[in-house]
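Okay, so subunit A shows up in both of these, paired with subunit B first and subunit C after.
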Partner chain A sequence: MNLELFFYLLIFPGFLFTAILGLTVGWVDRKVSARFQYRVGPPFFQNFNDFFKLLGKETIIVKDGVRSMFVVAPFISFAMLVLVSAIVGTSLFFNISFGGDLIVIMYLLMIFSVMVVLGGSASGNVYSSLGAGREIKLLLADELAFILVLLVPIIKSGYQLDLGNILAAQADGMFVSSASGIIAFIIGLLCIQAKMTLPPFHIPEAETELVEGPFMEYSGPPLGFWKLNHFMMYVVFPFLLVLLFWGGFNFNGIEILWSVLKYLLIVVLMIIIKNTNPRIRIDTALNFFWKYATPLTLIAVVLAVFGY
Partner chain B sequence: MDKNVIPVGPYHPLLEEAEYFTLQVDGETVVDIDLEIGWMHRGHEFISESKTFTQSLYLVERICGICSTSHPLAAVHAMEDVDNIEIPLRARYIRTLVGELERIHSHLLWLGLAGHFIGYDTLWMWAWKYREPVLQMFEIISGNRNHYGMMRVGGVAKDVDPDKIKSLLDIMDEIEKKIQMIAKAANDDPVLKSRLKGVGVLTKKDAVDFCAVGPTARASGVSVDVRKDEPTDAYDLVDFKIIVTENGDVFDKTVVRLLETFESIKICKQCLEKLKTVNGGIRNNVKEISAGEGIGRYEAPRGEVFHYVRTDGTNRPVRHKVRAPSYVNIPTFKASCKGIPVADALITLAAVDPCYCCTERSIKIRDKNNEPYQLDLMKLSREKTEQIRRQMK
Partner chain C sequence: MSWYNKRLAKSIWVYHMSASPCNNCDIEILDLLTPKYDVERFGIKLVGSVRHADVILLSGVINQKVAPQVKKIYEQAAKPCFVVGVGTCPASGCCFKDSYNTVKKREDVIPIHLYIPGCPPKPEAMIEGVVKLAGVLNA
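Moving on, here comes the complex of A and B:
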């Protein structure tokens, strides 16, 4: 153990950086969504205020259900996201491997979804358990497509699992510029929308049906951490996409602008999808991912094998 | 398999008002559904009997914030029906104008809420943004945005200022363009279509069996509209058509409401044009209403609203009965919500545009054997009053 490790994990590009950038981008999301809808939107510090206020609020723990799981779930999922952000971030910014590759990322992200399910079903509320059930179905729906999406850059980089090597393989051309890359990128964007439970895939939370679903019984700091997790995903997932398909970031001179643009473009695409779609049913989501998205990504994988 | 009960209400984001649906679910499928009412009772009918005729118009206006001109309009129809009171032509046009403006704003409000219920907040905000000019028109016409206080026995309370008619027509044109834009966007959206088509179908037979009224019935192919069936006010003088579709699903209910909005705009424009030329008084001076009975009907945005008034020659009604359209529309969930997923059932519940505070007249109580039985709240409250009176003696 050394200080560097702690720096990577807790400050940059781990917890502190991801949290602050996430809350800021969360503000961008809320502001842009508000302008979409002819509203004014919140002030810049709103997300920070909300988070710190929630930290000081009372935590009400449900009587029925599994209390320990209920409390622990948001913090475990928070730890998972910090790890993913550290792994992705160190490859992107320092070009060093932080003891993890794509397989590890896949597992960590899956644990995050499992934690949502466990935390939701631990509360013993009927809305939460329905929401948790929907979260499992959504996970089943998007996971296969997501794994296939990750396969495309692995194949294109010559069967490399290490993030640094995938980045290095894009030195003479981003993967997104190829046929398989663009298909995988678009499906990847939709998978991320589902993993973040943003519209049209906000099926587990479904405010007007399940009243926030798995998160319904949460209050105080645990709720604060769920919210923080959500905003941190605004950093983790776009960074992952930039790394896998858009050739990472470059910080030499004018290239910084291009790097920021890449990131913002993905975020804006997510916001546009979010604001122009109603919530679909869970069976429609399964249908979409299994009937259309997965076969399409499979085609992309085959194309990648043949070098397109 | 276990059957779970999902409680929707009494306080739930789906419902703007307090109401309690219990959905029995098997996994995600609704197998049975029930409604428990009695959260919103405010005793309007009883209070109305202690008010004068004019005061009771203000009272029934507050039965519902959305149909706040349908109730007074049906009530004045009922009161005028007692003595067959005629009203001036100009007042008839103004009544129709206010009634149709209300339909526009109510349908837009529903469209926005429906968007919110299916998680389409952009549609929600847009629909409500374009509802705003309608409220402005109300403010120009009556001075109020929500409770207009326009109806009087024998006419209307305020005249429409002839200088304002041009600006009103301009606003009307603007609204029409915007709603056309929304209607086109909603009609072209494939995701919206796949979400609403074939969802919560109410067949024509069920619509007739449940006596459904208004857009709920018209979406199922039942052509029923008080404005055409029994025209009052200026409805026999203006040109419009009833929108009827056949499928009875949520999408058709949306289509019916959107197309009706255009018909309402057409009627409003005709009324405004007529108001330029038709002159004369706006109110006949009605000194008293003799003893008798009267019924009043009006096609509220949600369907037919019915008022019954019995008078005894004094200046207040002896009995004032209100039947709101939601009273017959809400029970259609028994036919349309069974066997469909929860996500569909909830939008189907909202698709009849239920208004619970209009509806509630009775309370459901369970006796010692846990069997539900109905009790007349009016009877209960009178017994209670008698009891108190006896105690005070």
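Moving on, here comes the complex of A and C:
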């Protein structure tokens, strides 16, 4: 039993699988972005090279600021993502629930953003703390919409919080094919864009004004783990969306192709949104999420309650 | 270390530091990072913070006002970090070498590992220089 637990956490749906798939999908992201700009783009192993290079660099720990928090933040958020990927992955691939339901996932994903804030504000740099402040505002903006988005599959599956039961409820039809499902899916995609701080919501790490935002003072292995976290989110969030709205994966015969297409479709949608939108201001982001996204998702929740 | 050096050679993140230049080399450096030359093919990426940098692209003759800052920025970089002097200024001082405010011994301020001469060097020359650095790392 314990051996299985370690296998789930460290090898298959957990750390190793998510990291390798994430770095590969990160290459897809960079390559597609490059093609958008009429460039050739980086070679296949680029992200792996970046990560291993950062592991071997010197780690500089800032003099002022909270040193322990500064060092610990990337590793805690990494652990959170491994846990989320294990929970989501086991119910997607093995159809067993791995000690957590949707509420646990909500909490763990929020802890990730909190760790970005703590790590950024612990470094004692003005730009980093500005970036951390923006991260809090972005979290405030997208969190309500994200929770409402997660509420839609819960309601549609007959008030089930367990991931396996949500998957089972989609056996006769994906949630995305219903009116409430499609609204929730689109808003969920935008919330994920904000949670991953991808353009147009890369307000916290705005390269041109805040350099790298919360990650500015990081170097060496901690920076490598921040980068790895970012790429692991390319796996965790699309998997979560596939599980909640697209009826999970199926690995029987030709269905494998359809499963891979589902995942790639979500990733490519994210990349297209990323490459075709400029950065918006923090007030525009708040406006967007509070004035438009949240009421729309609320409508989706009401529709879901009435069974549409 | 050779395995690690190969990784380093394939993923060079550059930080652009201008130490009292005439701006000519800076424009060429920005030119280098445009989609036309696409240095991401070689894994070269511009980073905004010197903590992330593997290579510092230094342009300009270092004058006395800016020398302490240049030294400070180099000390803040995570080692291994290489410094590439872009243009004739870091190499020889160009036409400013007898000026009253230039630092006479640039190697005391910052160790420069590679010079790319030219006033300004073309982006192709800069790519060649960085590729040569990668070749040294690969050896």
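Observations on the structure shown:
The criterion applied here is as follows: the second predicted complex is superposed on the first by the 307 of 308 C-alpha atoms of A that agree within 3 Å, B and C clash if a C-alpha of one lies under 4 Å from a C-alpha of the other, contacts with A are read in each partner's own complex, and residues count from 1 in each chain.
The working rule: a residue touches a chain if its C-beta (ideal position, glycine included) is under 8 Å from a C-beta of that chain, and two chains touch if they have at least 3 such contacts.
Everything quoted here is computed from the prediction, not taken from an experiment.
With both complexes brought onto subunit A, simultaneous placement of subunit B and subunit C is permitted, the two fitting side by side without a clash. Contacts of A:S97 after superposition: neither subunit B nor subunit C is touched.
Of the two partner chains placed by the overlay, only subunit B lies in contact with A:R281; subunit C stays clear of it. In the superposition on chain A, A:T24 makes contact with neither subunit B nor subunit C. In the superposed model, A:N165 lies in contact with neither subunit B nor subunit C. Residue contacts after overlaying the shared chain place A:K57 against subunit C, while subunit B stays out of touching range.
Rounded to the nearest 10, the angle made at the CA centre of subunit A by the CA centres of subunit B and subunit C in the overlaid structures is 40 degrees.
In the superposition on chain A, contact of A:G41 is made with subunit C only, not with subunit B. In the superposition on chain A, A:H202 contacts subunit B only, with no contact to subunit C. Between subunit B and subunit C the least C-alpha distance in the superposed model amounts to 5 Å.
Shared contact residues on subunit A (touching subunit B in one structure, subunit C in the other): 37-39, 207, 211. Against subunit A, the residues of subunit C that register as touching in their complex are 4, 7-8, 10-11, 35, 38, 40-41, 43, 47-49, 51-52, 54, 76, 78-80. Taken together, the subunit A residues at the contact with subunit C in this complex read 30, 34, 37-43, 45-46, 49-50, 52-53, 56-60, 207, 211-212, 215-220, 223. On subunit B, the positions that touch subunit A within their shared complex are 4-7, 12-14, 25, 27-28, 115-126, 129, 189, 191-192, 194-195, 341-344, 346. Within the complex formed with subunit B, the residues of subunit A that make contact are 33, 36-39, 126-127, 130, 133-134, 199-200, 202-203, 206-209, 211, 275-284.
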